[in-house]
Amino acid sequence: MISGTGITKTYRRKGDHTGPQTVPALRGVDFTVPKGGAVSFIGESGCGKTTLGRIVAGLETYDSGDIVIGGVPMTPLRPRKREPYFRRIQLIHQDPYSALNPNRTIQQTLRAPLTLRARQTGRSGSWVDERAAELLALVGIDPGYVLPRYPHQLSGGMRQRVVIARALTVDPEMLVADESVSMIDVSMRLSILALLKDLRERLGVSLLFITHDIATARYIGDGSELYVLYRGQVVEQGPTETVITGPMHPYTQALLSAIPVLHGLERPGADRVVPTEALDERRPDTGCLFARRCPFSTQRCYDEHPELAHCLDPAHEHACFHPHRRQVIPLELHAGTPVHRGPADGGCGAAGTATGDATGAGSAGRVRTTA
Amino acid sequence: ATENGAAGPGGIYTTIDGSKQIDATAPINPFNPQGSTFAGYDAMSLAWPKNSLLDADQFYPGIAESWTVTPGQGEVVIHLQPDARWSDGKPVTSEDVRVSVGLAYTQGGSAYTVNAGAAGAAADITVVDGKTIKVTQGSNRSNAFLRNVLSTIVVPAHVFGHLLPSDFWQTLTAARGTGPAAEQAKAAITGLGQRVIAFAPAKDVSAGPFVLERVNPGAALLTKNPYFYDADRIAPSKVKVLNYTGNEQIWNYLVSGKLDSAPFTAVPAAVMHRIERTPGNEVRKGYSPVAAALAFNQSHKPYDNLHVRRALAYLIDRGQVTKVASPEAGTPAVTTSGIHASAAKAWLGDGLATLDPYKVDPAAADRELKAAGMVKQGGFWAMPDGSPWTVRINVPASFSDWVAAAKSVASQLGDHGVRASVVTSADYILYLDELAAGKYDVGFWLMGLGPSPYNIFQRLYGSANGWQLLAGRLTHVPAGTQGNWMGGPETAGGVNPGELTNRLNLATPEEQKRIVGDLAKFTNEQLPVIQIYDYVNTQFVNTTRYTGWPPPGSEALRLPAGVWMQLGMIKKK
Amino acid sequence: MTAILENTAPVRVSTRRDFWRGVRRVLRRKPSRIAGVVILALFALMAIFGPMVYPSPLPRDDDALYAAPSLAHPFGTDFEGTDVLALVVTGARYVILTGVATAVIAVALGTALGLVAGFHRGRWDSVLMRLTDLQLTIPGLPLLLVLTTIWKFDSPLEMGLVLGLLGWGGVARAVRSQTLSLRERGFIEAARGLGLSTRHIVIRELLPGMAPYIAMNVLIAVTGAIYAQVGLFFLGVLPFDSNNWGVMLNLAVFGGGALTSTAALPYLLAPLLAILLLTLGIVLIVDAMDEIFNPRLRED
Amino acid sequence: MKTPPPRGRLRANAVTRRVMGHLARALAMIWVVTTISFVIIRSIPGDPVRGQYEKLIERGMSPDAAERATAALYGFLPKGTLWEQYTQYLGALLRGDFGQSLSTPGTEVTTLIGAAAKWTILPVLGGTLLSFLLGVTFGVYAGIKRSGKLGDLLSISGSLLHGVPQYVIGLLMLAIFTTLWPILPAGGPVDVEFVPGFNGPYLASLVQHATLPVLTYALASYGGWVLAMKSSVATVLGDDFILAAELRGLSRGVLFRYVARNAILPLFTILALSLGMLFGGAIFIERIFNYPGLGLLLVNSIGARDYALMGGTFLITTVAIIVANIAADLLYAVIDPRVRTAA
Amino acid sequence: MTTTSRVPVTLVTRAAPGVEVRDLTVVYKTPLGELPALRGVSMIVEPGTITGIVGESGSGKSTLALSLLNAVQPPGRIAGGSVEIDGLGDVLTLGGEELRQARGRHLGYVFQAAQNSLNPLKTVGKQLLDLGRSHGVRDGRALVRDAMSLLERMGLDGARVLDSHQHQLSGGMRQRVGIMLALVLNAHLVILDEPTTALDMITQATILRIVREVHQERGLTTLMVTHDIGVAAEVTDRLAVMYGGRLVEHGPTREVLGAPRHPYTQGLIQAIPRLSGDITQARALPGRPPTLGTLPSAGCVFRERCPRRMDVCETDDPLAVAHGDRSVACHAVELPTPGVRVERATPAARVPSGAEEDHT
């Protein structure tokens, strides 16, 4: 099991003397990935997804908080000592084109970590080549064809599989897949998703899945959790299907509303939430980070900072003073999915850092609903 | 802008000052080594040394019209030119000379030194009258005294006088004494040195035929001094002294016919032909008491061995070397005598013929090398212990004729089974430094600096070879210390050449002749150097604008053209 | 196992062969580039075998000083009557050896420092980059001039060492920025994540990608070094004990009056021509390399 | 619309910080360079006095006269331990005192440098600007017509000129214009006959003497500009906005200006840097044409073992480059709106 | 205003031009010779519609879009065919000044990487004036006024934007500026190449809304190139599906999506990860998309991955066959295909449905 608590990260811009000097990328993120489980992070561009993924994979340092890997907290350890733990978490890069060294054949690429592994575990040299072939077969490509080739001779999908195979050379406990399918042609995206799901099921590898395409989060297997990040903060969290079909936080709702409707196959959802203005990072951050853009914000949202809390479903948490379930995603034309509507759980606001007197204003925001 | 004759009736005279680079920022001050004054044009000395073969005490008149000297040079009386005036119209007086001598004391020097005991130091300067001045020599006599006195540069007292404190002469007297007061006085005088050098008069006040008008980094322009005592003799109305940083620039000027006269420069044969083709260009050759030699560091093996030195002398074809290196400005040395051939004939007469001429003689060289214990291996000579032997000849890279000569020597040695290579030094200063530090085996070296016989042999048996003259006492320091890089023995065959040389300073002419003979013979036998070629003073003149000129072989040829003008040797065409 | 086996379309050639094919194509596109290769090969042969072709010491003709060009002496003779062509050929080794030594030192040093700085970032990076700035700021030629007075450049290798020590800055900076950008590439990060050693990452993953770039820098450094060195000899600030082009220039101009009379002109022109030819060869090859390695300039 | 945050002050602070940062680094660099030059220069072997003496003798001065002429130098040699000399040196530098020249005793090093700088700046600035103009013009052409015959010729000739060392060009120029076809003076800054000032003959002579050095410098640096401009143009041509502008139907003139302006921008900083480099003088050119600039001054000071002058010249050269670096950086900030208006 | 765009086109405007692409072939010069990126593409774009061109990476979408402006960049070359645009004639025969005038004035192009489609050194306003001057617009003031109103229409502060440099604008703002520049000279045929690719989801939604609204208000013919079928589905009336340089299917968006006929379209739609519906039904297409080098030189380009391939596919290139307002290029499609849902689009689908929510 891998978990993180209160992870923060602020980038300092060196060299660049103009603009703000610091960029808060993560502002206290908690998460838990059970063994064999899957967690998806979604959010707008720049909300800190990649940063989180890199921190979890040990490729980036964090400012505060703690990451616990298999029960061992990382923060007290010296960087050298952390390495073996973080090696159990492998990052799968977004871009399969740059994730493989163009000057090395796939065989060379796989051999390096395997040789290291063989040396550590006292295995023979022949094991290396066997294992390479085995891993490639595992990710669904023909070793005989792929091994002698250079990356540019492979398709995007094959490359991504090689990348995954390479990550598997060290028998990881968790894979961090950062936008792992967004650069792959649509026609082949699902096969990679299926592979990830398959690895979870067959090898018991956990998955931290990072995406801006929420739909893909549905395909990584059962029992997955969805975390919605906004400006370095988790604003909503719960089982993937629950969050998608019944989002509580206005930001999640806005995000889901923005997804284009496949007219002809789908019809638009009943509700739709549109932010009132564009994101402006320069604004001071007090209260709810989304308050300025939120159609439902009240004075309290500007004054207080909402914490993650649950309302009805203990597994579904959100950080909003005025939570309200809305059905914003499109529905399939030919199958009647139940529609969650109305203030099913109104009045159940998130806990504030300071107790204000304002109470949830329900659905007073600018929402148009259609039958 | 090459048109000469554009300025005034006499036209412009274009030339080059061989002794320094022009520095437009330098003060108009002859005491400054880089100063913007030009000897013979606007800087005048009491008299101008002739380039006599035998007698170093012959001078042409300068500011001094005439002079008398007592036998033994105890007293020199100088009579100034009666009409001499500064370019601002003031007359040149004895006071000017006295101030100049005073200033010379601040700079130190052989005649005007605060060290009372030094040989050839002046003891007293007396102004006899407005145009007459008397200088007496101290008890420790030197026959260089007259020369030193007459080469005093005279500056105007009304410009430079304030540099000397009012009690200067008392301080000087005090300095001649002993004890702490004297030391203090000495320090006070030498302390003035920097001030004198740095002094920058606003404008030139000259007693010479010209006065500086303007100077820029490329040239200096001098105009005729209307108050010059012999102004009628001076043909040009202006003189342009061009700067140069390398000989090739002088060649170019000469080829384009720009220069009315040019001082001695090394010239390759082909360039010489080009220069001669330019209308009006003529070459004036004269005696130049300098020779180029291959000098040995005798503390390095095997050059300590006389046989080896002789062998090398037998292998070098000096004629061929001269042809390669300095066909126009050199004549092959007839032999190694330590003296320039022309002077040698005068000093030695028939004695010259008795010296070994070291004609090329490989057989003799073989004999000598064998005698030295050297062994021949694979066609090349090696050290007695069989280790390889390469004659590394050092030369400064900036001396093109020496580089060529060294290469030629190396090639010739190579032909006769002696490995040799040429090693250059980046510049002359570095070269001298390393030479003095004893880093080289063999290096090129100027010698035979006449006309004074003392100067001639002092090059070979002076401080470079271990003989030091301290407060009138001659000592010999061991090889490798205090600048003794030649490392020759103190005596050879019972002769102490250093002592003989030192005696030249005081000797009568007859004695000198005998000593010179002995030293020449000693040098010819011991070969501390191999004399390669004797320089010929090759001067260029252009006859299209001016005529006259010192005739070939003239004793004036070594002097600046400004002095030629003073002597009436240059006339407008 | 639900993953679908991807079909395997035939792939024709491997990268390496691809690379050489690219090289050949680029060369063939402009015949001048082949000329460049030929010229460079010629000079390389000259440097390696030149001194063996002629007897040592070179023969002299005492009666033909500064002889005019003729069949026997295509570029005439020098002040001693030695064939100028022979001097150029035998002098090439010194010049080219220095150039190569310089390039090796400058590029090796620059690459090493650039790699360290780019890879370790942080404090190492700042220190090394300050050092690089310093190296780049101090004007090379003046420093070299000052240095010639304390350092005896006794051999071409020593000379190369000094020139190399003065010339690594540009390479270091370029390699650093390349490293920084490659470092952001996924494969380096992945290698680190897999626990591969820094040595492996630098030598196996980073360097090969930069090799062509480094090769180009070597060529450019060679030219730079040759010019600097010949220039110093020409100025006469370097001591010399063997024949080389710079010495020839110096002797021709300052000793032979090549700019004053025509007699020594061939003696001057021969090494000048050699330099020009070498420059041309390197320019042509760098032009081709540029096209091979710089996709922006590739037009097909 | 809510009021934007006070960006102005923030930016002013940022710019000040930028400048201060640069200055601090520059000062540190100057200190290092000073120290390096001190150490190097003091360890140079060679006694200027002996050198001067032998030189005078070689030129025909009598030994006595030569001795007198050189004796004066002794008073100016630096004294004390190396450490004392160093602290004295630094102290003097802080007061703007570079010391006195050894080869021209009594003259401040600063005077000499000032006098030489005048002659360096004139031709090198002229040469730089001339070559910049020509190079940029042809570079644009070579960049646009990359595949054409003429474009190819331009870039190959550019590379060649860029590749050929300065002294080769200088020697060829000298051979052509003063030996084979003597129409220009071979050396010197200006004819001394003419009264300096703003008068025809003087200026004419000035121009005449500067022609060859300027031309050589321009030729030698022209190639670099062509190549830089060509590759810059190629880069800009590959930028999306150029294609976008074309697709919007912008006229050829406008398009040309878009390309040229964007391409020339990075060259301005190189220009600023090379103007800093000019203080180093074109050593070869000045030596070949006997032009009394800083480069020749340095060569001469080394030949004369004039420690103070050597150090001063070297230091000035380096400081000029450091200053030019800062200037280039600030210049870039001023002319590039991306930096200028970044907030 | 998402709803009104589905008003029958003829009612909206007379100015919108139609486009007819016939047999367009574009080749790129590569080391392997000249290879076709578009092969015999024919397509009719009806005036006043928004047509989406979708396809995977490398299918030739951008090449097609550029061909409409006769602006294929070297090493590419239009090897044959014609592009007739109402009011302009065959664009491929235009050249020089004529072509230049047509671009910008008649044909607006919004660049694929609109993020970088502005001159970084000039303010937007200055570039606007450059544009005006290039097209002989005398009244600069009026142009600026038009631009401001367009920008404000798109929800931007016109004055501030015109006074800004590229780097001072966010991605979404730049994209809007790109659209403004394409429209400000009253072009009525607008081609947008991947207008939302680099934007985040919320901004993408805004841009799509703007595209739709502006299209409708100004009476344009709009072509939108995208690889994201969702994006195309959201805004377009008609959809053209490309594969390997071919137009494989073309028809009304909802019909193509609801009842795809070409096996590629069918597979593609099945392969889209979706928010709604049964995820177990989703399947990836086997194989990999072709590149220029791997395109078969004869026969159907899709046959390698096609579940219904026949012998004829190996040799013959299927021709596009029109069925009403739909056309498909597949040998297998004439036959009734079991397992694939073929549904005629109901007229209701084209009726303006006020049912869709409004979010102004």
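Should a chain be cited, it is by its letter among A, B, C, D and E, assigned in written order, with residues numbered from 1 in that chain.
We adopt the following convention: contacts are C-beta pairs under 8 Å (C-beta built on N, C-alpha and C of every residue); 3 or more make two chains touch, one makes a residue touch a chain.
It should be emphasised that the depicted structure is a prediction, and the values quoted were computed from it without experimental measurement.
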From subunit A, how many touching-chain steps at minimum until you land on subunit C? 1
Would you mind telling me which chain pair, D-E or B-D, is linked by more contacting C-beta pairs? B-D
Between subunit D and subunit E, what distance separates the C-alpha centroids? Give it in angstrom. 55
Between subunit B and subunit D, what's the gap in Å when you average each chain's C-alpha atoms? 40
Length of the line joining the C-alpha centres of subunit B and subunit C, rounded to whole Å: 47
Can you list the subunit D residues in contact with two or more other chains? 45-46, 178-179, 287, 302, 305, 342-343
Each of the following residues of subunit C touches two or more other chains, namely 4, 6, 148-149, 237, 253, 259-260, 299
For subunit B, residue numbers touching 2 or more other chains are 246, 252, 398, 427, 430
Footprint of subunit D on subunit E - complex, ascending: 66, 69, 71, 73, 100-105, 109, 111-114, 116-123, 127, 130-131, 133-135, 157, 165, 167-168, 178, 181-182
Within their complex, subunit D touches subunit C through residues 25, 29, 32-33, 36-37, 40-41, 43-46, 146-147, 152, 155-156, 159-160, 163-168, 171-172, 174-175, 178-179, 231, 234-235, 238, 277, 280, 283-284, 287, 295, 298-299, 302, 305, 310, 313-314, 317-318, 321-322, 325
Residues of subunit E touching subunit A in the complex: 56-57, 170, 172, 199-205, 208, 227-231, 233-235, 253-258, 267-269, 271-279, 282-285, 288-289, 305, 349, 355-359
In the complex, subunit B residues that touch subunit D: 1, 6-7, 12, 18-19, 21, 23-27, 29, 31-34, 49, 104, 107-110, 144, 147-148, 151, 190, 193-194, 197-200, 214-221, 238, 240, 242-246, 249, 252-253, 256, 263-264, 288, 290, 398, 427-430, 432-434, 436-437, 446, 449, 455, 458, 537, 558
What does subunit D use to touch subunit E in their complex? 1, 239-241, 243-251, 254, 258, 261-262, 265, 336-338, 341-343
